[in-house]
Amino acid sequence: MRYFLQRMLQFAVVFFLVTFGVMIFMRIGMNKPGDPARTMLGGFVTDQKAAAVNKQYHLNDNVFVQYFYWLAKMFRGDFGISVQQNITVANYMKGRVLVTFFLGFYSLLWALIIAVPVAVYQAYRRDSNFDRAGNLFSFLFVSLPALVLAPVIIQLFVIRWAWFPRISEKVMPWQSLSGHFKNFFLPVVVLTLPLAAIFARLLRADIVQTLQSDFITLASAKGVPPSRVLWTHALRNSLFSLLSSVGVQLGALVGGALVVEQYFSMKGMGALLLTSILSKDLFVVQSVTAIVVAVVSVANLLIDLTYAFIDPRIRHARALT
Amino acid sequence: MSIAIQASTRTDDGPLLELEGVRTHFQTPRGVVRAVDGVSLTLERGRALGIVGESGSGKTILSRSIMGLLPTRGTIRQGSIRFEGREIGGLSRRAMRDVWGKEMAMIFQDPMTSLNPLMKIGAQIAEPLRIHLDMSRSDAWATAERLMNDVRIPAAGRRLRQYPHELSGGMRQRIMIAIAMACGPTLLLADEPTTALDVTVQAQILDLLGEQRRDRNMSLLLVTHDLGVVAGHTDDIGVMYGGKLVEMAPTAELFANMKMPYTEALLQSIPKLADPSHTRLNVIAGRPPDLVNPPVGCRFSPRCPYAQDRCREEEPPLIPTVEDPRHTYACWYPVGSPAYHETKARRQREAEVAA
Amino acid sequence: MAGTGKAHLRTEGDVLLRVEDLVVEFPVGRTGLKVNAVSGISLDVLRGETLGVVGESGCGKSTTGRAIMQLPRPTSGSVLFEGRQLTDMSGDDMREARTRMQMIFQDPISSLNPRRKVRDIVTEPLAIWKRGNSTEQRAKVDALLEEVGIDPQRAAESQPHQFSGGQCQRISIARSLVLEPTLIICDEPVSALDVSVQAQVLNLLEDLKAKHGLTLIFIAHDLAVVKNISDRVAVMYLGKICEVAPSDDLYRAPAHHYTSVLLDSIPVPDPSVAATKTAIEGEPPSPVLPPPGCRFHTRCPAATDVCRNEEPKLREIATAHFVACHHPLYGDDVPVSVA
Amino acid sequence: MTTALASSTHGAAEVKSARKARHMGWMFGTAWLVVLSFCALFANQLPFIRTYDAKVRVAGQAKQYGFGPGWTAWLGTDNSSHDVFARCIYGARQTLFIGIGATIIGLTVGGLLGVLGGYYRGWVDRAISIIVDCLLAMPALLLALLLIQRTDQIKETITALGWLTRTEEITITLGILAIAPFARIVRAQTLGLRERDFVLAARSLGAKSQRVIWREIMPNLVPAMVTVAVTGLGILIAAEGTLAFLGLGVARPQTWGTMIDAARDDLSKAWWATIFPCLFLFLTVLSFNFIGDHLARKFDIREAAV
Amino acid sequence: GKKNDSGTIATNATVGATATSAATATTSTPGTVGSASTVANTTPAATTVPAKKPVSGGEITISGEAEVSNAWVPAAMQCDEYCHQRARTFFEPIAQFGVDNKVHPYLAESITPNADATQWTIKVRSGISFTDGTPLNADAMIENLQRTGNYILIAAEVADVAKIDDPSGAKNADGSAKKILKIEKADDMTFTIFTGKDSDPAQPLPWPGFDVVLTSQFGLIASPTWLKAVDGDATKAIQPVGTGPFIVQSYAPHDALVVTRNPKYWRKDADGVQLPYLDKITFKVIEDSKTAEGALRSGDIDMFSDSSGTIISDFQGDPDFPTLLQKDYAESNYFIMDLDKPGPYQDVRVRCALSMAIDRQEIINLTQGGILQVANGLFSPGQQGYLADNGFSTAQNIDAAKALIADYQKDHPGPIQVTYGHTADRINAQRADLIKGYWAAIGVDTTIEVIPQETFITNMLLGADNFFIYDIRLHSGITVDQQNFWWNSRSATQDGKGLALNFARVRDPIVDTNLATARSDPDPAKRQAAAEAVNRQMAKECYQIPYSWTLWGTMHKANIQGLGQATLPDGTVARDGTDFGGWFSTSSLWLDKG
């Protein structure tokens, strides 16, 4: 509990620092005397609009006041409004959140579904042909950024064979399951492959390590069959790197979604972030960043708790602190 | 080469374990490591055999070879290992699984790392019971609790549901013993079971082992580097050096009448409580042999103060002493032989001259 | 046992080091709990003497040794070294003072920087203190290496992992001698070594001690080893001293129940010696919540209510033989306190 | 003597060939990087590499994708009629500059933070951890976008930074991204090292903290740092490509990322203009991964696997 | 009256941003008397004569490039081509062009100037209401015109419309009286707009081409009820209400705009069929032209417009995807220089040398699919003032360029360094790369800056530090009058002193005089001569470095019919792509299901 509070505090500190940092950063060069709104909106806004925006968002006050107002709104669930698009940020994100959620969820899920059995079997049959093939493939996919993978995939599956649409629509599973599959498959593949490769490499290394520990030998010496040794004894003891990597990769997935959404012209949160950053859409950037940071941090917290759930030693250590 | 001994020690059932010319080598980038290089020995039912030797002499690999629990990669095994008359040296891991835990069990050196940190104690003890004896979960756990009582763990019922990190080292080693005992094996291999423990706890564990062995009529192979430990707790002692068994005898016989200069030197280099403080210790010069390129001839010859040319050329066989056929040793010029005395006297004179 | 008191501290003689009421505590996370690693230890060492410290794992031997070096600084207590109080010395003075006392560690491999050449490691102290020019430094280091039995040539071109454990321990010893300290604290210097090598190192220590006029504090858990090298032995249990005596006296006639149990537990490499007497039950309690009264009472066969409530003080029961026990194996019981 | 067991060398051959395979990966990686760096460094001197702006004309006319791979232009020509091979080599220069520059920045700053945090612990560590946590809480690409996108304004506000070119901006940005992971790994390593007895020994010899850090801890961090740096280089090079795709790349001299992005939609028309830079990028990242893996194995550094 | 030099800048352009080219700013005016004959709209044979009768029903998807910030309020839109494309599905203008290049009334029933073209009377078409039920009348139009006319970007376009103090006594931020357009309402359905030189009501200015303004963003009419609602809550701006053939169903910025048929639309086609034919149109945003091409080919979208020569050439002659081309009155692609910047650009020798170093045909071949025409100036074929030979040399001449440079270096020793900026786009980057190569060949060292879209335009307007030479696309339209503020020295505000719509900061008396003539001279011949004079003068001075003229193509699936067939209320066929190249009317589109 105490540990949990401590983590929450840490989360709060990081959240404040990051969001405040982003705000400062977005406002560098904007808070020069004159007209922040005009700088932000470009040269064409009317005086009234500039004045209104300045007033509404306290742009002429100092950054702390601005931050305070913004934060207060966030806590009331008001993510603000896109000054440029005249739309509430909440509305702006509606319909986009799910796209990115599904992208991330599927990639993570598939990466794990692929990586875990492969890694377990690789570690078990270490140095076998399977292991070597697995290593080679994971090397290849780790070294294949979306930049390289996406064009080739698009060329083959979309342009050459036309199996999948060129631009991916936001078809949700409850709308059309097959449509959902068609539209999400390729983006998910592009995100999944490198992820699965990273996971497999990490997990394999850990299991190899674990398999050398005494308690694994003891398990064998008790006559426990290899499958049980692998899946019950070795795997559970080898999840630490994998889980922390899932945490790290969550952040990377947001970046990956940004790229993949761009390749497949999907309009998700990544695309939203990109446009709003490029067009200096202040409040959208601030709010969406805050949300992303919060989601990533909370997910990491959950991963932490998961680990405590798996490992009694950590539970124990945390019960103390 | 050790036919005579075997014949004389054979009981009606035949010995529990017989090793003949067991070799275990590893392929490494440096070359072939001859970790165990031709060991033959016999272990009778109900007896305790201690294996002593310096670090790296191949004790662990010997016990693992018997158990068949060697890394599969890069391992070369030769020789014959007969367990209850059955050749188990060539069995696959699958076949060995029926032997492991049920007929042969093992205890490891480090109680801190030998238990699965993520599994409850009870589950770990119950695991072999459920696998080998097809017990139900509740039966297995009940048996586990009984076993824990046997190894004198207080509040066994509560401990069952605890995790290894909640127990002290001594407790964990007791758990290890309980696991080993679970399916009533006939042979227990204990690899330095007390090295990581405090002396007071070491004594407890050694006593416990001895007691369990007698109660269950198990044979014990106790591997350790501490001559003190084997002296009080085994019936026979084998001394290993550089992957070979260099001397083997019933405990009392060995201490009373050791033949190998190595065994003697080993004993003499240990500080003894009985000696007054600041007693000068005897030292074995040099270092243990490199098992990739072991010395030609007797492996101890480079460090042996009594070594002759023959020792450096010809490998001495393991032969029985005249007094006791159960006492075997591998030395051209054993302790007590004329050559030995001669060298010893010469050394003494030299030392006096130097002083 | 597990007693406090300073009855055993000597006033006459050339006292090199005098430790009084040394307390070291470590916080446990941020729980507010603390590990009572060392709880009020007093010790003294005469110049040229070897003090042995024995005890089970976790009883605070290493912590005592390090606290004397002020690494880390003790929670409280005084450490008087060569007449100077170390505990309230400034950082720079302390660094200077440390050159007069040195430490040798248990793990020979880990105590040498794996990425440096052995000779550089041994020269390092001279380099830190800029003693002499490089030729002088080199001559001195080579001589020392020779003395501990390491080929200086090989040392110049090899890294620690190219040497065996025993050799590494020799290198550590050479390094600790370079600054010509008066006191060397040996923290289990032979525990990690094979018996045959252990004897080599013990002999070397004895030789060097005689040659350089060193004073040693020798920490170990192996009673036989400690007896062999020490003039005087202090037995520790759970952060306290239970018995202090000249080594031969202590082994001949231990007065503390713990000392006696410890001695009995040692396996003797001689089958003719009767098998161990009944070992004591249990294991040392946690130093986080040490038992009140005598810290050994939870395992002591002779424990009474006094032991559970009142902490025994060190007192002399024979010449130079001090014990902290209410009911020692010989000598008088402590008179029951009136209160 | 009875030899009931024939020699069972199960697995020995496999071990050998696996080792050989890994070795080959390492050899390949090194060879590729050496050749590539050589060509990149001496591109202007080497006779078989065209100059950056040289156009390979078809009948005197510049033509998009005028040549496929062949003798005239080894790897074909690009959409501006330039020699793809030459451009790949010049791209290597640019890409490697960015990658190495960023790694140096990340390694210096991150390494320093990590060492300080790990060595001094306490509030220093806590402060540094918060910085690192903050950097990690932001998805890297997002941070990069923000940094690069805002540099114009930053340059305007902080005029001292006016000299920054796009290449340097990207280098610095990627360097900043690398800080947090480097700091984390170095901190973890330092934490382990500072507990080692040789550090205690140095302190008991009277060495100052600074000396302990530089003489005792740093040398032991080198393997980890090198390993992580090499693996990180691969990631950073890929990241540069990603930025190029998002329109935040270096336009000239082109990096591989810019080249791939420029030609990727003409894949069906002229596969060579995309595939070859892809191949260069891929092989380089792969090489760094191979070498990183080799080093990690050699120095037994597991963190680098990420 | 007194000249109003309060600093209002005459602008009649909207500056929009697109991803494929630097910046677009276009206005169109009909060919006034005498120049209409030179104009012809090109439509490919496939769509010129529809053999079949249109059928109603069906939905299509159209894509366009990235959006700039959009409010869908005519008085706040920064409207580019795709913006107009979509805005005109729900908003309608007061007037619109026909293919005859004449302005035809649209929401107005008639637009009538007085004798000297200083007063324009507009009669509102009756019987129309906005989709929210508000009736369309004079008040509604005046409300819109007043709002839009004061919008900073449009204000420039109506700079020569008279302005008076706001009768309500409203004040500007600086305390001066707020100005409104001088518009007088005659009755419920009629009102008059007055011209005035530099907004001065006392100096009525003859402005024969004023009605053109009513076809542009200025003339788009939104529901006044909705406009007031937006005043209260800015987020209502994403649900615009107009009189148009379609109603906005949903709008997600940078993603999709969905419009559905307006069942009560006031127009029927010639056969009396209710317009529009389509039930629903989805407008998507696909930032990348190549992706859009792929999406069209894979059937994800039905049509899109593009100005990339490469894309258009890809579709040339593809029977599955017919293309409608718009190539007249085209924008010019050129490199613009900030002539205010100290250094080499100030010198005509350097400017001309930079121009001569370029191989225009090669640029077109390599970056524009080879199908564009080499440009010799900012006057494209069809535009008033276009000259096949204006004295500008378009051929690459390295030697001559080197000579000029050498000559310049005699006066100004030292290396010549220029900074060139472009937006983050592949084609622009490719062009930058080529340019650097060309200029390197004459010994000029080029620093390339990649500049974000918004910054790009702001930099040009405000004259930022790093605005030196930009790759840009501007100046569509027909008369030189429309380019007035781009080149007039009045709008060449100095860097840092305000917005300069004269991005290049051209300050040339010859250009100024001729621009004035071209606006109000009653004699078309004089207006024509003035235009040609501007063309020659700019060519001589190398103020800009043109390289090609734009071409717009609308690529679509073969089953989409009616493209370019929209009619105006008076029956004339409407001309698409005015104001901005590339957009097309959607009311006439129908799906051939056969």
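Here the chain labels run A, B, C, D and E in written order, and each chain numbers its own residues starting at 1.
Going forward, a residue touches a chain if its C-beta (ideal position, glycine included) is under 8 Å from a C-beta of that chain, and two chains touch if they have at least 3 such contacts.
Small disclaimer: the values here were computed from a predicted structure and weren't measured.
Path length between chain A and chain E in the chain contact graph, taken as the least number of steps between touching chains: 1. Put simply, the chain farthest from chain C by mean CA position is E.
Interface comparison, A-D versus A-B: the higher count of C-beta contacts falls to A-D.
For the pair chain A and chain B, the distance between mean C-alpha positions equals 54 Å. In this assembly, the C-alpha centroid of chain D lies 46 Å from the C-alpha centroid of chain E. If you average the CA atoms of chain B and of chain E, the two centres end up 93 Å from each other. Chain geometry summary: the mean Cα position of chain B and that of chain C are 32 Å apart. Within chain C, no positions touching two or more other chains are listed.
Multi-chain contact residues of chain D (touching two or more other chains): 11, 14-15, 149, 152, 156, 247, 261, 265.
For chain E, the set of residues that touch two or more other chains comprises 288, 291, 294, 452.
Within the complex, the chain B residues that touch chain C are 54-55, 168-171, 198-204, 206-207, 225-229, 231-233, 251-252, 255, 265-267, 269-273, 275-285, 287-288. Against chain A, in their complex, chain E makes its touches with residues 15, 66, 68-72, 75-76, 78, 150-153, 172-173, 230, 234-238, 252-256, 284-288, 291, 294-295, 297-301, 452-454, 457-458, 461-462, 499. If you check the complex, the residues on chain D that touch chain A are 11, 14-15, 17-18, 21, 25, 130, 133-134, 136-142, 145-146, 149-150, 152-154, 156-158, 234, 238-239, 241-242, 244-247, 257, 260-261, 264-265, 267-268, 274, 278, 281-282, 285-286, 289-290, 293, 302, 305-306.
Note for the complex: chain C touches chain D at residues 66, 69, 71, 95-96, 98-99, 101-103, 105-107, 110-116, 124-125, 128-129, 172, 175, 179.
On the chain D side of its complex with chain C, the touching residues are 196-198, 200-208, 211, 215-216, 219-220, 222.
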